[in-house]
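The structure appears below as structure tokens.
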Amino acid sequence: MTAHDHLTNGWDRNQMAARAARELRDGYYVNLGIGIPTLVANNVPAGMTVTLQSENGMLGIGPFPYADEVDPDLINAGKQTISQLPQTSYFSSADSFAMIRGGHIDLAVLGGMEVSEKGDLANWMVPGKMIKGMGGAMDLVAGVKRIIVVMEHVSKNGDPKFIPECTLPLTGKNVVDMIITDLAVFERPDHNSPFKLVEMAPGVSAEEVRSKTSAQYVE
Amino acid sequence: MTAHDHLTNGWDRNQMAARAARELRDGYYVNLGIGIPTLVANNVPAGMTVTLQSENGMLGIGPFPYADEVDPDLINAGKQTISQLPQTSYFSSADSFAMIRGGHIDLAVLGGMEVSEKGDLANWMVPGKMIKGMGGAMDLVAGVKRIIVVMEHVSKNGDPKFIPECTLPLTGKNVVDMIITDLAVFERPDHNSPFKLVEMAPGVSAEEVRSKTSAQYVE
Amino acid sequence: MAKKIYPDAASALEGLLFDGMTISAGGFGLCGIPERLIDAIQASGVKNLTIASNNAGIDNEGLGKLLRTRQVKKMISSYVGENKEFERQYLAGELEVEFCPQGTLAERMRAGGAGIPGFYTKTGVGTQVAEGKEVKSFDGEDYILERGIRADLAIIKGWKADESGNLIFRKTARNFNQPAATSGKICVAEVEEIVPVGSLDPDCIHLPSIYVKRLTCGAPYDKKIEFVTTRERESA
Amino acid sequence: MAKKIYPDAASALEGLLFDGMTISAGGFGLCGIPERLIDAIQASGVKNLTIASNNAGIDNEGLGKLLRTRQVKKMISSYVGENKEFERQYLAGELEVEFCPQGTLAERMRAGGAGIPGFYTKTGVGTQVAEGKEVKSFDGEDYILERGIRADLAIIKGWKADESGNLIFRKTARNFNQPAATSGKICVAEVEEIVPVGSLDPDCIHLPSIYVKRLTCGAPYDKKIEFVTTRERESA
């Protein structure tokens, strides 16, 4: 599969993850959410050291284990079995969120249901549906230095997800720094500035992005 | 030296410590202040396990080391070299005071300059003299379950130290549970009750105690 | 020495359980959960429990067992997915749930155990979580006041403990067990192995003995995994 | 990998020092103090420092060196005895001192490092320490509001660190080093030995690598003791 196959569709899930991976820097400590964000781990540039944090108390997440090395005491925040690395350290949930809340994590990549033009994020509950809880998402968006949201540009119904005001209950207010969708990338330099369209997937036009976005942004 | 030698003088320092040691119970975790309180460690009844906490981050303080085992990385809160025990554990100052503040220590024995009849304690500074600081004393009296103050009954000038109101800056308000002096023991069942004279040193009369105490207490 | 070691979970809990009590429980998902103690609480029949725990187990595993028997009045949790009976009771209004962000929950337990009745955090500012909570500004930023949790009882799962109660955890099974332990007026721990005093490195004790008032060995354990994920060995 | 290891304390501090900055320092008395980093700060000539440290060293040892050279504007400490130059400057009004109860100081560092701008504690209620601080009642008891400390720089002393920055302390030399490390916007650590990644037990890391941004080996150390106290060997 080459980029060419997607010229008219925008980026696929893995390409969105790869785009997010371009925001990594050598030496970064990073927390990756469930879903597309998890795929960022497969796209770390060669020669770059990025240490992944898992909010259930681990720094230095390794790959999934071989079948004969599965360990019930070694899981990630998505409750999947994982492996450790030589530089791994373990700590309690209290110490883990002290790290997160205290601003020690350089970057978090999370999924989103809605992002508002002011940087509000909604990704934890849909009214009327069974509430499962926010897990660590509210702590991550409040504490981590830089928040990237990776999500489809529009919902299954074709509705924009980057919108003037979130309609769903918020995960965090004015917390998002960058949005990566299957169509485009929006970024803002600080939390007082509007988002700017900084990049489009191959074959996607600024007009298409405009037509599928109800949020205000700078082009 | 027998108790008889002191019939007319009340208890000596070691006897005061021994009296404080009678408040220990098997399994207690205890913090001992500098001075007479430190001597309590020598008076733990045989067969009783009492674990001593040092607020610089240690549970299970051993005796002073042999000369050839002195370790600069192993000191108590008085900055004296000590030794470890098989059940010793080390932790940070933050974790140490979480333990103290959280009410996990059963008993603290501290020195005092003044105790008021309402249980206020002053033991950290004398106005006009160089202030060295309160160290961990304020945390101990605020957090530990039971506070025993061990002090001379009167000052060098002969003034009472168990008084209606402290004249010196407070270490804690309404924090003392028991007072052990060279003459007598005062106790109260809770922080809303007055102190009661519960014991006198051999040869000390209730009248002598009364004459050397300006605080109100129950006899 | 005052004996801390009990032959089983039921005896370790003897005299500690009462209807309407609050319990802090360790564990993340099914990783590091105090399963023997949960079984003993189930068997005791104690009711109207308020349980602070990151998750609520899954159907018939972990705290899911106490939900099934209707012993739980309220859960304080950050995530309760993967649990049909929970969902049924919650939607029917039979079970009260206080959703608490994961880091706030861990810190509330730690604070309760550290004598801190309240602390300010940025987590949840401007969201439903902030409703009814005091907001205070520090250096121009808003924070909300969260309360420490002081439970009547903490139940935790450790890996090894020495006979004096010093305890260590293994890998990510440490999680909420450490803060939960400190948040209880009394903490009962189950471990996989009890070793003689002096066997553990004093520089590497995760939970000093002062926190472990009662101790039982629950081995052997058949630890459950929620999602087994593996990779293939590359052929040489 | 991004290199964290520097050949000496001076290079490890390069570009981080500026007049008027706030520094959190580890150590208790002379135990576990970052002496190489203190020496390098002295040599740099940086001035008007505010230093949060439990103690202020003794004359010409530890932070006492920076007092001697008048580089310190303000100390935030719990105990400053055993230091004549400190006493002279303090009594002459040349040095500002904020006395902070030891546990409150440790917690303020931990809170600053954990993103908690303020917390309530019973420590100091009704004393001089409470003056000017907000008092709040929780469950009928009064507590005072204390602020987290977020320093421009943390300087700490560890025992061993691996090349990625995972660090362990030894015995009571851990003390304030752990909370001080987390309270700095950047933390520089000196250790007695740097070991290869994988040499330390991942279950026994006292300070995960994320906190250690720069690292230098300061060995050999000639550690000072304030009060040598010993016991006699009983004759057999």
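We just call them A, B, C and D in the order they show up, numbering each chain from 1.
Just so it is clear, contacts are C-beta pairs under 8 Å (C-beta built on N, C-alpha and C of every residue); 3 or more make two chains touch, one makes a residue touch a chain.
None of the values given here were measured: they were computed from a predicted structure.
Among the remaining chains, those touching subunit B and also subunit D are C. Between the interfaces A-C and A-D, more contacting C-beta pairs are found at A-C. Centre-to-centre spacing of subunit A and subunit B amounts to 55 Å, using the average Cα coordinate of each chain.
Centre-to-centre, using mean CA coordinates, subunit A is 28 Å away from subunit C. Rounded to whole angstrom units, the spacing between the C-alpha centres of subunit B and subunit C is 36.
Contact of a single residue of subunit C with at least two other chains is seen at positions 107, 110, 114-116, 121-122, 169-171, 174, 202-203, 206. Across the assembly, subunit A contributes 84, 90-91, 97-98, 100-101, 142-143 as residues in contact with two or more other chains. Here the touching chains pair up as A-C, A-D, B-C, B-D, C-D. On the subunit B side of its complex with subunit D, the touching residues are 54-58, 63-67, 70-76, 78-82, 84, 90-98, 100-101, 120, 130-139, 142-143, 169-174. By the touch rule above, subunit D contacts subunit B in their complex via residues 28-32, 54, 77-81, 87, 90-91, 97, 99, 101-104, 106-107, 109-110, 121-129, 159, 169-179, 206, 223-233.
For subunit C in complex with subunit D, the touching residues are 107, 111, 114-122, 136, 138-139, 141, 143, 147, 168-171, 174, 201-204, 206. Across the interface of their complex, subunit A is touched by residues 1-2, 110, 112-116, 162, 164, 166, 182, 197-198, 202-203, 205, 208-211 of subunit D. Across the complex, subunit C is touched by residues 26-27, 29, 49, 51, 53, 59-60, 84, 86-91, 97-105, 142-143 of subunit B.
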